[in-house]
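Each structure below is given as C-alpha cells.
Here come two complexes built around chain A, the first alongside chain B, the second alongside chain C.
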Partner chain A sequence: MSATETIAATAAAAPRTLPPVDRESRRLGFRLTLPTQLLVLFIAVFPLLMQLYISLTDWSPLDGVGWWKAWQSWNNFANYTDLLEDRRWWGALWRTFIIMLVCVPAEFLLALGLATLFMDDFPGKQIFYSILLMPMMVVPAVAGYMFFMLFQSGGPLNGILSALSGMDIKIAWLSDPTLALVAVMVADIWQWTPLMFLILLAGLVGVPEDQLKAATLLGASWRQRFFTIMLPRIKTIMVIALAIRVIEIFKIFDTLYIMTGGGPGVATETISVYIYKVTTQDLIWGYVAAIALVILIALSVVAVFAMKRMEAARNGDAVARKGARA
Partner chain B sequence: MTTIRLENLVKRFGDFTALKTMDLEIRDGEFMALLGPSGCGKSTTMNMIAGMEEPSGGRILFDGRDMNGVPMGKRGVGFVFQNYAIFTHMTVRQNLAYGPKMRGMSRSEIDRRVKNIADFLQLTPMLDQKSAKLSVNILQRLAIGRSAIVEPAIFLLDEPLSNVDAAFRAVMRTELKHLQKQFKQTMVYVTHDQLEAMTMADRIAVMDHGVLQQVGTPLEVYNNPANIFVAKFIGSPGMNLIAGELAETDRGLAVDLGPWGLSPPLPDDLANAARAAGSRAVQYGFRPEEATLASEGQGLRARVTFVERIGARTIVHAESGQPVKIVTENDVGFAVGDAVTIVPAPGAVRLFDAASTAAIRGA
Partner chain C sequence: MRRSPAFETFRYAAIALALALTLLPILWMVSMAFKPIPEWSATGADLTWIPRAPTLDNFRFVFGESTSDLIVALERTAWRPILSSLLSAVFGTLIAMVCGTAAAYGLSRFGSGKNLPLALIQLRLFPPMAVMIPVMIMWAFLGLIDTWWGLALIYGIVTLPFAFWLMKTFFDEMPREIEEAALVEGCSRFRVFMKITLPVMRAPLASSALLVFILNWSDYLIALLLTTKNWVTIPVYMASLSSSMTGQLYGAKAALGLLAAIPPVILGIAIQKHLVRGLTFGALKQ
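For the complex of A and B:
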C-alpha cells in the first residue's frame, strides 16, 4: 500500500522531473526484491562465509559446542598449512587429475566422432540415438552398481574375455590398484560421453548447411570441410562441453564410491571421496571446510576461463553483426 | 566456356513433382535467367545442375558429357548462394583462397590468384578483414570472387539480389552484368524478379509449375509470349487479356469482346493464323503500354475505375466486365467513372487460344 501511494504521490508532485521518480522507483525496486535478495544471501553467501569461518578453526561437531563458537578453537590457518603437507590430499588430487586427463579427452573424441556420424541420415538413426543417450539418464549410483557387477572377478566381463580367449580369465579388476582406476574411468566415460555427444551434436547441427555446400562446391573433401568449417564453427560449444566435464570430474563421487569405495587402499580415492571420508570418518570439519574452499576456488578459475572464452566469442559475433549492418 | 544441355530432366520429391520435364540448352558464355514464381522448379533445376540434387529422370550434359553421378565438387561449377554463404569465421583472403587451397595449389599460385581476383573485384583493401563485418555488396563480390578464383566453367547464381533493398539492387544488377561480360562464363541466374531477368539475361527461360513455358531473349518473351502465363507474368503490369469470340466482319476477322464491343479488325497474318487454328473462343491480349485512351470513337468501350499515379507514368484502370490497365502519360484527362475508348496499337494485339492457353501466332 505504501508503495502505490509513494508512486502516486511522486507522480502527482513532479510529473515531469524524471530523476527523483527514478531514484524513488529504484528504492521501491530494492524494497520489492529485498526478500529474494535476503534468500539468495542466505543460500549462497551465508554457507560460504560459514565455511570460511570454520575452515580457520579446529571445530568438530564432536566438541559439543555450536559452530558459531568455533572461534574458541581458532588455529591460525593451520588447516591450510596442513593441507600443503597432506600426502593423502595430494594423492587424491593427483588421481583426480589422472582421471580428468584420460576421461575428458576420451569422452570428447568419442562424442565428436559420434556426433559427426549423426549429422548424416542412416537407417535406425532414431533408435541408436535413444540408446546412445541412455547412459546419461541412468542414476549414477545405479551405474556404479552396474559396473561393480560387471567388473567382479567372476563377472560378465571376465566371462566374455574367457570365452573369447578360450582361457579361464579371472582378472581382479576392482582389487588391483591400477585396474580399479581403469574400471572407474571406463564407467565415467560410459556415462558421460552421451552428454558431450549431445552438446557437440547441437553445435554441429547449427553449422550453416549453405557454407558446407559452398565448401563442397569449391572442392573441399569431407575431411577438409570438417577441419575448416565445422570445427572452427563449434569452438565455443566445445569449450563449454569441456568445461562442464572438467568441473564434473572434480566432483566425481557416486559411481566411483559404489564401485571401489576409493580403494583398494587409496588407489581410486579422488578429492570428493577423500573429503567424504574425512567428513564422515575423521570428523575434522574445520579441515574439510578448508579443502572444500580450495577446490571451489580452483574450479571457479576453470569456470571463469570458460566464461571468458564464451564472452570473447559472443563479442566477436556482436562486432561482426554490427559491422554487417553499418 | 561450357554448353549446358538439359534433356527430359525430371525431379520428384516423393509424390510431389517439382520438375515435370525440362529440355533446355544453355549456350557457351550465355547469361541465362531461370524466371518464375516461387515453387516453379527453377531452384530445383539449378540444384540439379550444381549436383546438389540427383535428377529423378533425364540427363544433364556439360559439353556433351553426362554429369550423372559426378559429385558436385568435381563438376567445375561456381555457385553463388542466396545468402552468399561466406565463411564468416575467416578473413576475406582466407575465403578467396579456400578453393585453391582445397585443390592443393601451391602457396605462390594461391597468392597470385588471390591478388588477381582481389584486384579485379576491388577487394584488395579489405583482404585481411574478417568477412563477417562486410557490407552486402562486398559480400556479393566476395561470393563471386570465391567461386571465380577456381575458374569454374559455369556460374550458377541463386537469387543473389533477393535480400538487398530496391535502390541497391539496381546498382548490383549493373555490377553483375558487368562482371559476367568480363568473365565471359556461362551463367545461370535464378530469379523471381522479371526486372533482373530482363535487364541482365541474354535469354530468359520462363517456368511455372515445374514446366518450362518459354525460352527466348528478353524482348522475344516480352513481345511474343508463348502462352497466357508468360503474357501475364512478364511485364509490369502484365498483358491485358479479354475473353472473346472470333467474328467475321465485312472489314475482316475481328474479336467479339462482349460488353467491350467488337475489336478492330485483326491484321491479316494474325487473322489467317486464327482461322487456321480453328478455335473460336480466344483471349484478346495487348500490352498496357501499347494502347491509347480516347473519350470517343472506334475502340473498346470501358469505364475508368481507378487512376494510379506511379511517378513517371500513370496507370489507368478500366473495366467492362473484366479489368484492364493502360499505361499513359501523366496528363491523362480521365477521372474515375468516365467512359473511355481503348485503342490497342496496330500490331500490338496478341491472340491466345482460350482452351489451350497457347498463343495464336501469325506467320
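For the complex of A and C:
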C-alpha cells in the first residue's frame, strides 16, 4: 500500500477531515531529500564535468594556471589514445584482475565452508563467530601494517616456517615480485573472508529447516542436501556477496599500499595505486582525469547490473515472506 | 539436527584452525606493541610471541613522553592525529546520518527522490581514487585541504549511501500505525517524523551511526590525499612514522595500530546483528 493510499484510508476512517496531506507530504518529502540531492550534485555532477574537461588537456597543478584555463593545453584526446598504449596502466589493470581472480574464489570457498559449520548450534558458537568476524573490522591500513610485519624476512611467518621445517628459512616475501603479490593476496583473504562468511551464513540460516529435515527423512545424504537444497536457496545471496567483493577488490589500496607501496618495482601496482602515484608523483592530472573517467564509465555499467540483481533479491525476499505468512 | 561425533571433531578442528589464522596477525601486533626496542627486530631463536620484557614505552613514546630507550624525539605526537580522526569521523557520521536519514524517510514515506537509490550505489561503487582529482581541486578552492572539517565533509558524502540504505530498509519495515495515529491526532507530518518516528527508531539509528563511524574511522586513502600536516589522521600518521636513527619504528607503529584498531572492533561486535544488512545495502537481513 502506498503512503497516499494509507492516508486516504485513515482519512476515511477518521471523523475529522485531515489537512490536504498530499501536497504537504510531497513538499516535506522534497525538503527531506534535498540535502542528499545537493550533496550528490556537489560530488557527482560538477566534479564529473570538471573531470571530463581536464581529461581533454595536459593540465597539471604545476602549470600555474587555474584548472578552468586548462584549454590552453588542449590535446585532442591524446590522453585517451595514450592510455591505450600505456603498458603500466594495462599491467596495473591486469594485476588487479589477477588479485580478484585469486582472492574472490578463495574467500568465497573458505567462507562457504566455514558458514556450513556454523549452521546449527554448538557450544561456543557465539564467541567463535565474534572472533572470526574481527579481521573485517580492523582498520585496513592497520591490517596492512600487521602483514607488513608478518612478512618481514626475519619476521614471525618465517619463524613459524623455520620451526616447522627445522631449517633456517629467510624468505624475503615483500621484495620478491611474485611472493609480494602472494603476500598481498593473503592479507586480502585474511581480512575479507569474514565478510563473505557473515553474508553467506545469514543466507544459509534462512534456509527453511523443515525442508532439510524432510530431505534427511527421505534419506538424502549431506552432500545431496547441500547441493540440491541449500546452494540453490542462497543463489542470489552468493551473487551479492561475490559482487561486493569484486567491487571492493577493484578499489584495493590501503592494505596493499602499506605493505608494498606497489613494489618491488611495479610488481603489486594495482589500478588505485597506479592512479595514486601518477596523481601525487608525476602530477599529470589531465591524464589521471582521463583514466578515472574510463573507470567510472565502465563501473557505471556494472552498477546498473548490480542494482537490478539487488532489486530482484529484495523482491524475491518479499515474495518469500508473503508466502511464509500465507 | 543431531550430528555424528566424527563431524563434531572435524568441526572443532576446522574452527580451531580458522581461529588460529584469524588471531595470528592480531596477536603479533599486540605482542609487538608491548616489546622494548631490542626485541623489535629480533630474529631466529630470539623471536618471541610473548615479549620477554613487556613495556608500555611504545605507547608513552607515541604520546611524546621521553622513554629510556627511545631517544629519538618525535616531530609530532599522536594526540593531534587521534583528535583529527575522532573529529572527522564523528562529524562525517553526523553529516551522513542527518542527510541519509531524512532522505530515506522522504523516499520511504512520500516517494521523493526516486533517483537516489541508484545514484548512491554508484557513488559507493566508484573507487575514491577515480574521483579525487576534482575533489582535490574543489577542496583546495574551498580552503578545505588539511582540515578536519574538510575530511568530515568528504567522509559524510562517502558514507552517505550506507546511512541512506540502512535507514531506508528500517523505515520500510516500521509499522505505519503509530504514525497514522499521531496524524489523526492532528500532528503535522514533520512533527510526526521528529517526535514519533525518530524516537521509535532509536536503536536502528544508533547501529547505523556506529557502522558509518567505523567506515569513516577506517579510511586511509582519502586522508592521505586531503591532509598534509596539521590534521593527518591516525592511519596516515602511523604510516609516516619512521626515524632515520632506528629505521622502522616497529613497536611504536604497532602501539598506534592497536589503538586505532580497538574502537571499530568493539563497535563492530556491538552491532553484529545489523552488519549484514548494512554492508549489503539492505539486500539481506539477518
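Heads up, the rule we're going with is that the second predicted complex is superposed on the first by the 268 of 326 C-alpha atoms of A that agree within 3 Å, B and C clash if a C-alpha of one lies under 4 Å from a C-alpha of the other, contacts with A are read in each partner's own complex, and residues count from 1 in each chain.
Throughout what follows, a contact is a pair of C-beta atoms (placed from the backbone, for glycine too) under 8 Å apart; a residue touches a chain by one contact, two chains touch by 3 or more.
Since the model is a prediction, treat every value here as computed from it, not as a measurement.
Once the two complexes are laid over each other on the shared chain, residue contacts for A:224 go to chain B alone; chain C is not touched. Within the superposed three-chain model, A:50 lies in touch with chain C and out of touch with chain B [touch as defined at top]. Considering which of chain B and chain C touches more of chain A, the answer is C. Shared-chain residue A:214: touches chain B; no touch with chain C. The interface of chain A with chain B overlaps its interface with chain C at residues 213, 216, 317.
On the chain B side of its complex with chain A, the touching residues are 50, 52, 71-74, 77-79, 81, 83, 85-89, 98-99, 102-103, 130, 132-136, 146-147, 150. If you check the complex, the residues on chain A that touch chain B are 208, 210-211, 213-221, 224, 228-229, 232-233, 317, 319-321, 323-324, 326.
Chain A makes touch with chain C in their complex at residues 2-3, 6-7, 10, 14, 16, 18, 21, 24-26, 28-33, 35-37, 39-40, 42-44, 46-48, 50-51, 54, 67, 113-114, 117, 120, 122, 128, 130-143, 145-147, 149-150, 152, 154-156, 159, 162, 168, 190, 194-195, 198-199, 202-203, 205, 209, 212-213, 216, 237, 240-241, 244, 247, 250-251, 253-254, 257-258, 271-272, 275-276, 279-280, 285, 288-289, 291-293, 295-296, 299-300, 302-304, 306-307, 310, 313-314, 317. Across the complex, chain A is touched by residues 1, 3, 8, 11, 14-15, 18-19, 21-26, 28-29, 32, 41-44, 47, 49, 98-100, 102-103, 105-107, 109-113, 116-123, 125-138, 156-157, 160, 164, 176, 180, 183-184, 186, 188-190, 193, 214, 217-218, 220-221, 225, 234-235, 238-239, 250, 253-254, 257, 260-261, 264-265, 267-269, 272, 275-276, 279-286 of chain C.
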